[in-house]
Structures are given as structure tokens and as C-alpha cells.
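Listed after this line are the structures, all set down as C-alpha cells.
The same subunit A turns up in both complexes below, where it pairs with subunit B and then with subunit C.
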Partner chain A sequence: MSRAPLVFICTCHGTLSGALDRKTLEKGIAERFPDARVEFVPSLCRSGDLDRVSAPAGLEGPSGVLVAACSPFSRGKAVLDLAGKRFPGVGPELVDLREGCAWVHSTDPEAASAKAVDLVSMGLAAMKVRKRSPRPRIEVEQSVLVVGAGPAGLAATGALARLGARVTLVDRLARPGGLLNQIGKLFPHNTSSEELLGPLLQEIAHPAVDFLPKTQITRIQGDPGRFEAHFIRDGQDVSLSAGALILACGALPVLPENRYRSGELSGVISQLELETRLKKLEAASAPPDFGKAVFIQCLAAREDDHPYCSTICCPTALKNAIRLKSLAADVEVTILHRGIMTPGKVLEELYRKAMAAGVRFAAYSPEAPPEVRGNGRLSSVAVHDALSGRSMEIPADLLVLSTPLKPRPDTSALAAGLNVRLDNIGFACGCEPMRPLAAPVQGVFLCGAVRWPVYAEHAVDQGRAAAVKAAGFLEAGRAGGADLTSLALPGSWPGAASVDPQSCSRCGQCIALCPYGACRRGDDGTARVSGARCRGCGLCASVCPSGAVRVPENNVALRAMLREIAPRMDR
Partner chain B sequence: MEAPEKSNTLPVLVVGAGVAGLTAALDLARLGIPSHLIERDGFLGGQVMRLDKLYPSDHCAFCPVWTEGAACSSHPLVTVHPLTSLEELESADGRIAAVLAERTPAVDPDSCVFCGLCRQTCESKGVAGAITLRPPALTWDPSAPPVPVLDPGLCSRCGACETVCPTKAISPSRLDSPAKNVRLEVADVIFATGFTERNPSPVAEYGQPDHPDIFTALDFETWTGEAGPNSGAVKRRSNGATPRSIAFIQCAGARDRRFLPYCSSVCCMHGLKQARWIKRRLPEASVALFYTDLRAVGKGYEGYARAAAEEGVLLVRGRPGIVFSLPQEGSTPVLALRYEDTATAKTLTAEFDMVVLNGGLAACPLPGESRLEPDRAQTCGFCREPADVAQAVVQGARSAALVAARLSAGGKL
Partner chain C sequence: MTQPALNPQAPEGRKEVRAALFACRWCALLGAGRAGLDRIHLPASFRVIPVECAASVEPDLVLRALADGIDGVAVLGCHLGGCRHNEANRPARLRLTLLQDLLEIVGLDRRRLLLSWGTAHEGHQFGGLVREFMTELEAMPPVDTKLLRPF
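Let's look at the complex of A and B:
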């Protein structure tokens, strides 16, 4: 009794007979793989056709099954599924003889048949050497660490607790709420920050949530399923482990420094300071102690040194202008801008509302920025309005400077340990565009201003979105360890890389290149691959000068396939 | 995590399989919550599948979205209903019933092998154009082999195609069969119905709607796309010539009280993306983009806009007042547009070979949403608030989180 590979060639209801010559195929395959059994079947995608094939005599079972049919993008995937059911445990493989062969070479049947022989031979050669690497199942601790207790982190924590996860929430400060604690009213719906924070704080008052205030994260290491975080708390080093991580560590407001004579003239303040003043005025229902306010947008933003728009400054200015107008309708507010950035429906409404409230606008160009005039005390702002083409001098007793959010300097250290990439500004990147809140390493998620400046309501949305992703990761690992393939496209797992320590030259190129931090140096200096982090991309194998890295799907099978056609590649 | 009670969880209805709906269904499935994902069209991925490239990465739009779609359709907890629309939602005593209308296509996509015999037979019978093999770009799914589509008006119902079809996939009689109504009891509903682009553009002053060289933005994406009819070559639709100049008009039908008062949010970046790609393919052509406010506010978007300017895309602040044809003897008329450059306060006229109208994306309705308790219905993606891909997938995941939290804890978020 022997075991031989079995090849099914689908003639697609006879429609391929014109292009593919049966005799050429049978002869060509037999020459290169004498032990292979070849069966022609009219329609492999129709269930039942495979069942009618009786097991060839003298075979105890095929060593492998190759189905030569159509592209996986048409019926190929269905064919594979049927073959998998007919021959369980074999792991059938697919070769495309229709779209990629018979159809494109329909005018040259001889070439099509010769190519079909090559394609089937390559499939058989690959099948022979391909070792299905065991799919790594990793233990996943059923807990999540959320870093940062701003609106995003609070929302993520609350949602996770409701989804049944254990959560540890840490923040540098004593009071949760992040930047919202400095802000009175929020756009676009003019809710107070207390109204937004209140329900979130209630959500985290949950038995499954452990909130650690005044805790500074120093580093995070470990692998998906078991990350280890180290902190300083009350002057002491503490550590804890968690199955998944959510980074919600926010961003920092930029200070105006000395721009537009701030710090020199009285009456020049930042937008954040106006927030504080407005909060007090609104609490006392008192009219403002100034009559003419000018706002300047895009300070330290959309400039060569700061080439980004911080998203939130235009709506913030509109919101505060409307607040000033509703405290005292006779306050004059002029916003000097470089385009009002209010994309979407609700923000555009805010813009219209500001115009209806009597807020004035003038557009300046970066080449001719507004000029602040005054002696000791602010007196006016001169600007050339690009829209009307007129230069004007606007009397002012308050100048408000809108500044962007910038990345926190400590984000980069945290990100580096987790293979989270930073963009050119320094904000963290997810896997754009379809998984913007997921880092390349499984089990690490981002939300809020750590990724990009975002307004409070969207930060809450992102927190909940990140929570459902983290909960999904935990759920995948709940019963007996996570099959990482369940998080990717089923069947797409190419196998984790491995390193042969005998051939490894210790050059470290794979370690530098791996986007997932999966390649590391072992105690003896050779490279090792973490199965939990590896995504099977094969970059390590491509860069290894000594051929020590093995990725089952990529290099071994591919080489076997190329060897199969190498003698004919000169043609 | 503790085991949530799943055995008695009713499925969630997800309306629309664009990027937001796909994300919502998949995130629910990963938590063990079943869903029915219904889609008006015959493929997954929604409007994004019409895009050649995504901003700001300039990566192909198709692969990442197709991957999510494939993960969804192969997940045992997601039941995908293509060619299905939501007819009615009934809500009583806390129970929600959805009535779906499932259309049966004349060609069963699951058994068609794309051999083309039906069309050959149809043509030999002398019925021209009744069966067309839709090129991939027009089915919006670049991976799909050409699919036979029956035109109900031209088909004579002779049945010859049915006789010749090797898999009995085609049946002209199905053209006349009514949609099948299916009734489902569902736990909650997630609306992800997306947007539509009005084509032709409703803005009358921007030229005759049938002018071959005036495009809407999505139309232009297909026309110039690498998977499109010209395989990525940029040609005039009127005479096939390479255009010397192309104008992109932003906010055409948006931020305009006559049409859509709001900003569609995605068009500035979409226009910049198209302008950059045209400039790369036709470095000699003059490419101008007319904008109101250049709203490049997302992650990496400002840098993208700066790069467009550096690469030679002319960014003009101003909304053209009128687009008109200049009659020229012996060749295709050239288009002209009159505009005020509001950065210099000058009124000018410029000639262009092609004009792309960008803007005015209308949110699709949410059928029956008002009949549901607010905590039983979530909306995500463009139908909630103008959103690009990154925003829509966040919204989809957020909807899944809210529904899952309500189902597993019986509480509200």
C-alpha cells in the first residue's frame, strides 16, 4: 500500500477542453510526477462530483490533494472547501487553470496546455515540501490595561467592564478626565464637560475596574496575551500583567510662547485660558470684562515646522465665540483664520450658528500674518482680509490665540516597546485604513488624541470602538488559548517564522526589520522568533544573509515551485 | 472575561455592508454575537469598492476592504444577505421584527462559472445587448470575473440561454419574479446605510449633465481607475484624447442651501487625491482644484495637501460661478469656467478639457429607525455623519460595542 498525490483537473463543464489538451496534461504530469494520480472532473464546484470519484485502487489514501480549477476569486474557494470535506485531514491545495491559464491563452491551446502542466507541477512540488506549521495558540490573560483616563480611556474602560473584562485603568494624575478638566463647555452640542464625564465615571465605578491614579507608566514589555507593564506609584516601582493593552494617553496643548506678542502685551491669552475665564463667567452669569475680542487661528499649526491641522481648534474657537456672544450680545468677536475647518454636518452647523450669532470672520494668508499692535497693553490687530481684499485694523482688548494639540513626549518611548509606529508629527499610528485603532502587534489598541487630535465626543466613540476590539481579542483567547488565525482571514495564516541557530550569523538584520517586534536576540546572540507576535510576513527570511530563517509558506514552498520551472525559464 | 449568555441571543440586524457595516458585524461575531448583514448590492464593501485608491496612503482601496468582506462572509456567526433591502421594522413589547425583501438575480452568482455561453447564444438569436458581461469596473468589484447581466427590457424571455447554461445558473423568468419577503426577529438594529452621490450633478450652472467631459467624482474615479475601462489611462470621454487641463470643483452641491447645506467632509481629500494622481500620470497637464476651505483635517491629511501643491496641483480658493462650453470648429468643445480667485479677489475665466464635480454626498435613509427604542438602534458610517473610511470603521466598532454591552449586561451605555 502506498500513498500518492491525487490531482483533480476541472474541465469547467467541458468549456476548457478547447484550450487544455487532456493528453498533453496527462503525459506532462506523468513525466514529472509518475506517482501522481490525475482525474478529470467536469465540474468540481458542483457538490457530488468529487464524491463520485472512487478511491483509486491500491491507495490507502492520497498523500495530498491538488485541485486544478478556477481562480480563488471565482469558484476556487468553494472547490477547495468541497475537496476539504471529501478528503478530511489532507489540506487540499488549489491551482488556477482557468482564468490564469486557459482563458488568457485561449488563442494558443498548445501554450495553454504546456503552462497548465507547469502550474500543476509547481503545485505538486510545493505540496510535497510544504509543512503546515502548527497554528500558534497563545494564552491570553483575561484582563486589559488602559493607559490614560481622559474621555477615550474612560469610555474604553467602561465599555470593557460592561463586556465582562477585567480592566486596570492608570493615569498620571489624581483626577480622571484628562484635558476635559480644563474645559467648561464642549462642542458641538454645548454640553458641559461634567455632563460628558459624569456617566463615564459612573461606568468605571464597576467591580471589574481597578483605577490607579497618580501612576506613571515607565515601560511595557511582553507579548500578546501577556504584556507586562511597569509603573512608578507613590515613589515605588510596581508592575502588573494584562492580556491586551489600550493606549489612550492623549496629547498636550501647545503654548503660544512668544508668538503674536503673547507674554509681552497684556490682553493676549491662549484659547485654553479663555476656556477657564469663560467657565468662571458662565458660573457667575457675569458679562465679560472686555468688549472686543479677536481670535487668531493656526498658531503653530499648518506651518512648515508644524505641518498639520489639529482638527479641534476651529470648532473650539467657534464654540467659544458663540459662548461670548451669548454672555453679552454686544461683544464683538472676530476670528482671523486660514480656512474654517468644520467638516461634516454638526460642525458645519456650528459654523453657521456662529455666523448667525454675529461672529465676524477674516481670512489671512500665512505670508501676511496679522500684526498685533499695542504698547504694554493690546490695542488692535491689523490684518489683510484675503476674501474682501481689504486691509483692516480691528480694535481689540482681548486677543485669543488658538494653538494645536501636540504629541506627548513620553508616547514615543511607550510606542517603541510595542512596535507602534509614530507619524511624522509624533502621533501614534494604527493599521490604517480599516483598523485605525489596532496596532500591528495583536492585542494592542489606540484611541483618542494619542492617535490624532480628536474632540471629546469622538474620543468617547473611539474608546468604545477600541474596547470592542480588545474584548474580541480576549474572547478569541478565552477557551484554551487564542488561535491567532481567527483574528485574520481564515486560512490566511502562512506559518510563523523560525530561525536555525546553527546557521544564524547573529547579524541582527531581521531584528531591526521586523514590524511586529517578533524577532529578538536570544541569550546566545542568535535571533529568535516570538510565535505570538509573528504574522508570517517573511521580511526576516528575505533579509537573512545566511538563509537561517524559515517561513514555511514563503521561502521553502516558493523555492520548490521555482525549481520546478527553472529549466524552462530561459525560453 | 466571563462567558456571556450567548445561547439565547437573538441575532443583530446590520443594514448595509459598507466598511462601517462590515466592521460592526465582524466585531459582534468576534464576541460571539450572531448577525444578519443585509446589502442592497450584490457585493460587499459598499462605495469604497468604487474607489481606485484611498487617501492619504494612496494604497489600493480594494484589498483591505475585500479582506474584511471575505472574513465576514466566511464567519459562521454572520449571515450575509446580498441583493436585500430592509422593507419594514416592527417593534412591539421589546421585540423587533424586520421584513426583508430578497431579490433573486436572473443569474445565480453562486453557480455561474462565467463561461459566457449565455451571451454567445443570446447574440446568435439576434437579441443584441440583452446579456452583457459587466466589466469589473462597472460592477465595482475589480476581482470579479465579467458577470452576465440580463437587461429586463431587452430580454425576449426565449429561454435559449437557460438551455445552454452548463450550471443552470441563468433563468430569464426570474426577471419577473417578485422579491422574496423574509421576516426575522432581531435583538437590535445597526444602520450603516452609507451615502449616495447624485449623478449627474444637480448643480445646473456647472454645465449640461450629459456633457461627456463633465464628471462627478465617483464617476471620474471609475473612468480613470487602474481597474477601470481605460486601465488607468486618463482620456477625455468626448474624443479619447489626452486632456491638457482638468479642473476639480469642490463643494459642487454641498455647503449650498439649494442642495446639501452641510460639508460632505470627504470630498476635499478625495479631490486632492484625484488631482495628485492625474498630475502624476500627466505631468504636462494643468490640474486645478477650486475649493472653499481646504478641509484636510485628518491624520496625515495636511501633509497630503501640501504635497499636492508641491507636485504642481494648482489650488485655487474660490467656487466657480459657471461652467460652459466654448464652441470650437472641427474639434470637441472646450469647457470654460468663470470664477473668482478669492485669495486675490480677481474674477477670471479659464479653459479646461475636463471638469470634475466633487461634493454633495447625501446620507441614505434609515428605514424604520424611528419605530425603535433609541437604545435598540445604532447608526454608524456616513449615514450618521459624513465620514471617511477611518472614521466609518471606528463608528462601526462603536456601534458593535454599544449593542454588545447592552446584550451581554442587559444594561445601557
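Let's look at the complex of A and C:
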């Protein structure tokens, strides 16, 4: 009893017969694959058509099933599903004869028919040699590690606890809250930071949450389902494992350093310092001890060292200007800016509110930055208003410098072990634009200012979104031993790479290049592939000089397909 | 096993060429499908081979194809910065660009290896690219396979 491949050619209700000649196809395929049985069916996407094909006599079932139908982006995937149900365990494959041949060559039926023979032959040749990699079973620990207890990390932790996951939250500081602890009021609704933090802190006071303060993460390694984090706590090295990770380690405020004579003149402070002062003044309901304040925006932002807009500084300046005005209406506040950035209706309203409160604005150009005057003590700021073209000198007894947020330098150490890509500035990138909160390696998620400077409210939103993603990952892992490979990329599974240690030369090219960190060095120096990380792109196989790393689905099959179209006869 | 003529009734004067197009299934394969839906008429002398990622195409495979008498090979991947496999197409581009240089060194036209990063994901883009490539190949003599003898 022999097993032969079975080819179904869909005529799409006969509409393809104009371009594809049935006799040419039958003859051509029979010449190259004499054992293949070819069936023409009117519409493979209709479930009945496959059932009507009787089991081939004398055969113990097909050795493989090739469906020649339409593109996988039309009905091809549905056709594959139906064929999979009709012939379980065979793993049918698809060849696109409609979009890929009949419809683009409809004016040249002879060439189209010859091409269709080639395409079916390529499919058959590939099917004959293609091997299947075993699906890795990924055990997923039902726990999540959240790095960073700022608003994003707190929100993620709280949401995960409510969703029933076990969460470990670590922060390098003693107090949760991150940068929010240094801020009194939040834009745009002037809520106090306690109002935002309070409920978040209540959420993490949950039995499923383990909060580790004063803990510095040093490195994270391991695979999806079981990541290992190493950290320093009370001077000791500790480690723990978790099924999924949420990186919410935030960003750092840039310091004004010595620019605009800060540190030299008294009365020159940073926006963050003003926050602290305002918090004290508001608590005591005391009037400010200064009468004329000038803010300078975009210090160290949108220039060579930090070539980006930090998003939060303009709304923060507006918010603080309004706060000053409401403490004492006679305080003069002037904001020197390079364009006020207040997108959206809520922030635009904040801008209008500041104008209504009597805050004054002047635009400066980066070529002519404001000049700070004073001797030991700040006396005035000279500026050339870029809009009116007039130069003016504004008397001031307080100068507030708005600086951007910058990436934390330790983010890169964490990112490296997890194959999280950093942009040219140093912020972490998700899989933009489709899955912005997910890192390329499964089970790793990003939220908050580690990605980009973000408002506190938005950090909370991102934290919750990342929590839902992480919970989905755990859930997929729980569902009977975790077949997580389909979570990675929708669509058919491309297989995973594997290494033949006998022929591996230990050169390490695959290890250096793997985009998911799946290729690693084993104890004997040869490469190993982590099934939980690999997504079958095949980069490792294409750089391997000794052919030791292969994607079983791919490498031999591509060669076999090429052979079918090569004209050389001695192949 | 005999090979049926690829383009048996090709109009006179038009050289029969064959080209293998490796198309990333996240990008250029969509373009190929879209070209069909849009009924864009194309010369029939190319064959599309779907791949998971452009990075999976070995330089060996390209040389082998040319040595076997295929006139041209195209590797069609996602735009740089938009790879579905975390930038895997960047090292692929470096490697295949180097291969183009090597082709030239051994005496083959570098245009026999067409690289596209994100310029074939719409039907009309795919169609334009294929048409241009085929016209270029038609103007070239058959591959001198002696130049690639080790393969």
C-alpha cells in the first residue's frame, strides 16, 4: 500500500478556467509528480466540496494534501482550515493560483497554465521534503514581576491582582509612587497627587501582591513563562522567577546643571523644585515669597542632546503658573517658550485658563535664547520676542527652568537581556504600531515613561493595558500546558529553529543576531535554541556557515521549490 | 522528468526569463495578493516563494538559483524599522547587499538580485516592481553559470 499526495485545484466556480487550462495542468503535474492524484473542485471554501471527494482506492490516505486555491489573504486560510478538518493529521499546504497566477496573467492563458503547473509542482516538492518542528510546550508560571512602582507600575500591579495573578512589585526607593511623590498637583484637573496615588496604593495592598521596596534590579534573563530576575536588596543578591514581566521603570528628569546661571544666581530653580515649594506654600496657604516669576521652557529639550519634546513640561508649566496665580493674584508670571505644546481639548483648555488668569507668554527662538541678568541674585531676564520682534527685559525674582525627562541609564541593562529594543534616544520600544505595549519577546510588556514621557493619568492607563496583556499571556499559559506559539504572531505557525550540535562550529553568529535572544550558547559551546523565545524568522539558519541551525519547515523546502523552477536539466 | 517550457508561446523577440521572488509573508506577499485582487496584468515569468521573513533567505540559496540558470532573484521584505521579527531584516539587508557586490565581482550584473524593503506591500507597488525587474532581466543575457561553478 502506497501513500501518494493529493492535490485539490479550486476552479473558483469555473471562473479560473479562462486563464488556467485543465488539461495542461493535469498533464504538467503528472509529468513531474506521476504519483500525485489531482482533483478539480468548484469551490474549496464551501465545506461540502472536500467531503464529496471519495477516499482514494487502494491508498491508506494521502501522504500530503496540497490545496491550490486563492491567496491566504482572501479565502486561503479558510480553505486550509476545511482541508485540515477533512484530512486530520496531514497538515495541508496552500498554493495561491487565483491572485498569484490566474488573475495577474489572465491575458496570457498559456503562460498562466504553465506557471500554475510550476506553482503546484513547487508546492508538492516543498511538501515532500518539509519537516515539522515539534511545538514547544511552554510552562507558564502564574506570576508577574512588575519593575517600578510609579503610577504605571502601581496601576499594572493593582489590575493584575484584581485579575487574580500573583504579582511581585519592586522599586529601588522605599516609597511607592515614583516621580508623583515629588509633585503636589497634577494637570489638567488640578487633582492632588495623593488623589491619584491613594486608590492605587490601596489596590496593591492585596494579599496577592508582594511589594519589595529598596530593591535594585540588576539583570533579568530566562524565557517566557519563566523569567529570572536578579536584584540587590539590603546589600544582598536575591533572585526570583516570574511567568511574565512588566517594565515600568520610568524616566529621569534632566537637571538644569549650570545653564541659565542656575547654581550661580540665587532665585534660579528647576520646575521640580518649584513643585516642592508650591506644595509647601499650598499646605500652609501662605502667599509666595516672590512677586515676579519667569519660566523658561524647552531647556535641554528639542536640541542636540535631547532631540525630542518631552510632552509634559508645557502642561506642567501652565499648571504651576495657574497655581501661583491662585495663591496670589498679584504675582506676575511670564512663560518664555518655543511654542506651547498643549494638544487635545483638555490641555488647550488649560492654556486658555492660564491666559485668562493673566499669565503672560513670550516666544523665544533657540538661536537667541533668553539672557539671565543679576549679580549674586537674579534681577531680570532679557528676551527677544520672536513673534513681535521686540526685545524686552522682564524683572524677575524667581526663574523656573523646565527640563525634559530622559531615559534611565539602567534601562539599557535590563533591555539587553530581554531583547527589548531602545530607540536612538534610549526609550524602550514596543512592537510599534500594532502592539505598542508588548516587547518582541513574548511575556514582556512595557508601560509608562520607560517608553516615552507620559502624563500621570496616561501612565495609569498604560499600566492597566499592560496588565491585561500580561494576564492574557498567563491565561494562554494556563490553558492546558501552554501552546503559546500562536499567540506570538497571528496566522500559521512558521516553526522554530533547531541546532544539530554535531555540525555546529561554535562560531556564535546565530547567538549574536537572533532578534529574540533565542539562540544561546550551551554548556559545550554549541548553540541552543529556546523554543519559548523562537518565532521562526530563520535569520539564524541563514547566517549559519555550517548549516547546523535549521528551521525544518523552511530550509530544505525553499531549495526544493527553487529546483522546480530552475531550467538546468542536470539538477 | 521533462521540464515543460516556462513560457511556450512567448511572443517573438521577447526573451524567456525566469525569476524567483522570495516574498515576506507579512509584507510583500500581501502585495502579491493585492495585485491579483486588483487584476494587475503582469508578465508570467516570475514565481513567488513565500517566506516567514526576508532574513530567512540564505545567500547560498540566491547563488544556487542563479547557478541553476534562474535569471534573477528578488528578496522582498518589510520596510526597515517595520520588520515583524524585531529588525531581523536589517542584518539581512547588509548581507544581501554584500552579495550584490560579490555578484558584480564575479562578473554578474548586481541587478540580478533585487532587494526591496517595504516597497512591494501594495498591489500596484508589487506590480511595478515585478514589471521593472522583468524588463531589466529580459535585456540581460542568460546567466553565465560557469561564473558560479562551485555551486
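Operating definition for what follows: the second predicted complex is superposed on the first by the 560 of 571 C-alpha atoms of A that agree within 3 Å, B and C clash if a C-alpha of one lies under 4 Å from a C-alpha of the other, contacts with A are read in each partner's own complex, and residues count from 1 in each chain.
Following the convention adopted for this analysis, contacts are C-beta pairs under 8 Å (C-beta built on N, C-alpha and C of every residue); 3 or more make two chains touch, one makes a residue touch a chain.
Model, not experiment: these values are computed from the prediction.
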Which partner, subunit B or subunit C, touches more subunit A residues: B
Subunit B versus subunit C as contact partner of A:N181, first or second or both or neither: neither
Which superposed partner A:F73 touches (first subunit B, second subunit C, both, neither): both
Partner chain in contact with A:R162 - subunit B first, subunit C second, else both or neither: first
First, second, both or neither for A:Q221, with subunit B first and subunit C second: neither
Which superposed partner A:F427 touches (first subunit B, second subunit C, both, neither): first
Subunit B versus subunit C as contact partner of A:A112, first or second or both or neither: second
Contacts of A:E99 with subunit B and subunit C, given as first, second, both or neither: both
Contacts of A:C309 with subunit B and subunit C, given as first, second, both or neither: first
On subunit A, positions contacted by subunit B and by subunit C: 71, 73-74, 99, 489
Complex contact set, residues of subunit B against subunit A: 1-4, 19, 23, 27, 30-32, 54, 57, 59, 64-65, 67-68, 70-71, 74-75, 110-111, 113-115, 117, 143-145, 166-167, 255, 261-263, 265, 268, 293-303, 306, 317, 342-345, 385-390, 393-398, 400-402, 404-405, 408-409, 411, 413
Interface residues, subunit C side, partner subunit A - complex: 1-10, 18, 20, 22, 25, 29-30, 32-37, 39-42, 44-45, 47-49, 51-53, 55-59, 61, 64-65, 67-70, 83-88, 91-92, 95, 127, 145
Parts of subunit A lying in touch with subunit B, wherever the complex brings them together: 12-15, 43, 45-46, 70-71, 73-75, 78, 99, 142, 158-159, 162-166, 203, 302, 307-309, 311, 339-349, 352, 363, 365, 386-389, 423-424, 427, 429, 432-437, 451-452, 458, 461-462, 464-469, 471-472, 474-476, 478, 486-490
Subunit A residues touching subunit C - in the complex, by the definition given at the top: 28, 31-32, 71-74, 96, 98-108, 110-112, 114-115, 117-119, 122, 419, 421, 431, 440, 489, 491, 494, 513, 515-516, 535-539, 541-543, 551, 554-555, 558-559, 561-563, 565-569, 571
